[in-house]
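Structures for review follow.
Below, chain A partners chain B and then partners chain C, in two separate complexes.
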Partner chain A sequence: MSAQAPSRTDLLLAIADDELVVGWRNSEWTGIAPFLEEDVAFSSIAQGEIGHARAFYELAATELGTTADALAFDRRPDEYRCAPLVELRFVPDWARTIARHYLYETADAIRIAGLKESEWDELAGLAAKVEREEVYHLMHAQMWADRLAASTDGRRRFDEAVTELWPYALGLLEGEERERLAETVGREPVDAVERGAHTDELVPLWDEMTMVRRSAPGAEW
Partner chain B sequence: MIYEVFRQEREGQPLQHGGSLEAPNAAFAEAYAREFYGRRNESTTLWIIPRDAVAEVEEPYVADVFDRDYRRVDGYSIKVKLKEARERAGALAD
Partner chain C sequence: MVTEARVWEALAEVADPEIPVVSVVDLGVVRDVEVEDGHVRVAFTPTFLGCPALELMRERMADAVRGLGAEPRVDVVMDDSWSTDRITPAGHEKLREAGFAPPAPRGAGAPQLVQLQRGTFRCPYCASTDTRLENIFGPTPCRSIRYCASCRQPFEQFKTI
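Coming up: the complex of A and B.
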């Protein structure tokens, strides 16, 4: 990574990569969620995130003169700009999955609200569109957080998971938005696990995620 | 808990039973109903009702022990009467 301030496409790629990777991780629950209704709902949220990633990649692709697919699947793992929070693999731990979901969606709502004010009209417009779906993701996350908090065992497991992931969650945002996240979640800001370095879990994820596309380079699908 | 879901396809139409879903409480039921029956804009209204709240009417017919077919439109045929009436009307016109 360069030492200069990130360009607007760098910022866009960070968001797109977050959405793609969190969507990918959430999709790992498809077929194995705790019960059928939740399986459908969580898979749909995963698909929603990947759809948002596509929209952000497309906007970046017009700037960079490439395609959304190339940005999503043809970069090397170290070129991805996603935050470590989204890389972590939690299956079969539902409490940590919901803790990440809750932290991610809460942070994402703050980020999207900021993007809607962007001077880059296309980005502001896209953020407004994405927000209309993200509202339901956040409602789903909040409803699960409440559900887990309603039982002693659930609350303990959820709180432990949120505490563990809290430094990662802060790494999703920059500057003032971190304070807003801390206020919303009701926790003190701590040292964030910053974007830029990747966890060991990204490479296996990337390997699987890009496997089919790499099996036939240059193919038209 | 099982919830029964009723959906209205277009404004002005009656709500019809769409199916049922399982959810731990009403908030979850609402989220799942939206996911299952509203994701493709296929519903303008959704109702969710706990199955326990639905009272089923036992033997949902009124016992009909006497022959009162005449109360029903299918009780007797007007075909023959209609034919006779037409013939009479025709005879009058001549």
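Coming up: the complex of A and C.
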């Protein structure tokens, strides 16, 4: 934790970066998910998350005097504020994919509920809209957590993956919201993998994600 | 002379880019229209934030206003003032005719999986409620996939948000 409290645009960028990067990771299942329904589901969820990222970036951009695209694609990897949880690449491991999906969506629901109470009216309004859509992401994640838990092998692999990712999941949230996540997931709080340092997986992701934009600087899309 | 009524009429002709049977007015995404000295301000709420048709809808609404000889400003309102309950009765009917099951009313709380798994959703082709959820997600963010066991037809169900 830095000594200085993060500004409201820092908080907004952290959320927007989480949504963009998790959306990118979700989209990696497009075309190769275990079956067609999940191909459609993960593609649609990815589109939803990236849409939310855009809305959060737009709000930040009005404060910072820039554009959503510039915030999403023109920063250096070390300037991103996303949590390490969303950076990890899991394809083709379905158990870890579902474990992250479940932890991310559960934490995101807690975070969005908090943002709805923001004194910043635009952010509170946007959070209320995002929440309506995120209900379906969380529903999908819980459905899969239950489905994996219904078989012995599925439950073992899912539990192992949740245990591995639990310190990362806590790093999505701050303060009391971590305790709420622990209660919701039914686990004890541990030392979190905090935002700030990035995993080795961010640079290759960034490289791919920004490639088209970097190839034609200043182009209008 | 451009009036608010004429702007609403013009917007009622702007088709949704992905489901062209319904207009932006049927969808209830036009929140407000103001006319002042030949300048028209349209307040517009997106359906889903990830909707790829958002920009296109905005441009087409601006074009419709220009068609009346007025200068448009289309403001996007990012709050939760739009829900599927805003889709008009005429919009519901047009959706059904085109093979999309219109959204269920929102009710008090957020939608839950058990509700979607119930057989209360009506098939837009044969009107049977013997239908089941195939996929929460569909070809666009606003739709789910259901299957009608009565006429053996998969169909797209508008999500309630």
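Just so we're on the same page, the second predicted complex is superposed on the first by the 218 of 221 C-alpha atoms of A that agree within 3 Å, B and C clash if a C-alpha of one lies under 4 Å from a C-alpha of the other, contacts with A are read in each partner's own complex, and residues count from 1 in each chain.
What we mean here is this: a contact is a pair of C-beta atoms (placed from the backbone, for glycine too) under 8 Å apart; a residue touches a chain by one contact, two chains touch by 3 or more.
In this text the structure is predicted, and so the values were computed from the model without any measurement.
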{"item": "Room on chain A for both chain B and chain C (clash or fit)", "value": "clash"}
{"item": "First (chain B), second (chain C), both or neither touched by A:S44", "value": "both"}
{"item": "Touching partner for A:K129 - first (chain B), second (chain C), both, neither", "value": "second"}
{"item": "First, second, both or neither for A:L170, with chain B first and chain C second", "value": "neither"}
{"item": "Touching partner for A:R54 - first (chain B), second (chain C), both, neither", "value": "second"}
{"item": "Which superposed partner A:A95 touches (first chain B, second chain C, both, neither)", "value": "neither"}
{"item": "Chain B versus chain C as contact partner of A:F35, first or second or both or neither", "value": "first"}
{"item": "Of chain B and chain C, the chain that contacts the larger number of chain A residues", "value": "C"}
{"item": "Touching partner for A:M139 - first (chain B), second (chain C), both, neither", "value": "both"}
{"item": "Partner chain(s) touched by A:R147 [first = chain B, second = chain C, both, neither]", "value": "first"}
{"item": "Contact residues common to both interfaces of chain A (with chain B and with chain C)", "value": "37, 40-41, 44, 136, 139-140, 143"}
{"item": "Residue ranges of chain C touching chain A (in the complex, touch as defined)", "value": "48-52, 78-80, 82-83, 110-113, 116, 134-141, 145, 159, 161"}
{"item": "Footprint of chain C on chain A - complex, ascending", "value": "37, 40-41, 43-45, 47-52, 54-55, 58-59, 122, 125-126, 128-133, 135-136, 139-140, 142-143"}
{"item": "Chain A contact footprint on chain B (complex, rising order)", "value": "21-25, 27-28, 31-32, 34-36, 39"}
{"item": "Complex contact set, residues of chain A against chain B", "value": "35-38, 40-41, 44, 136, 139-140, 143, 146-147"}
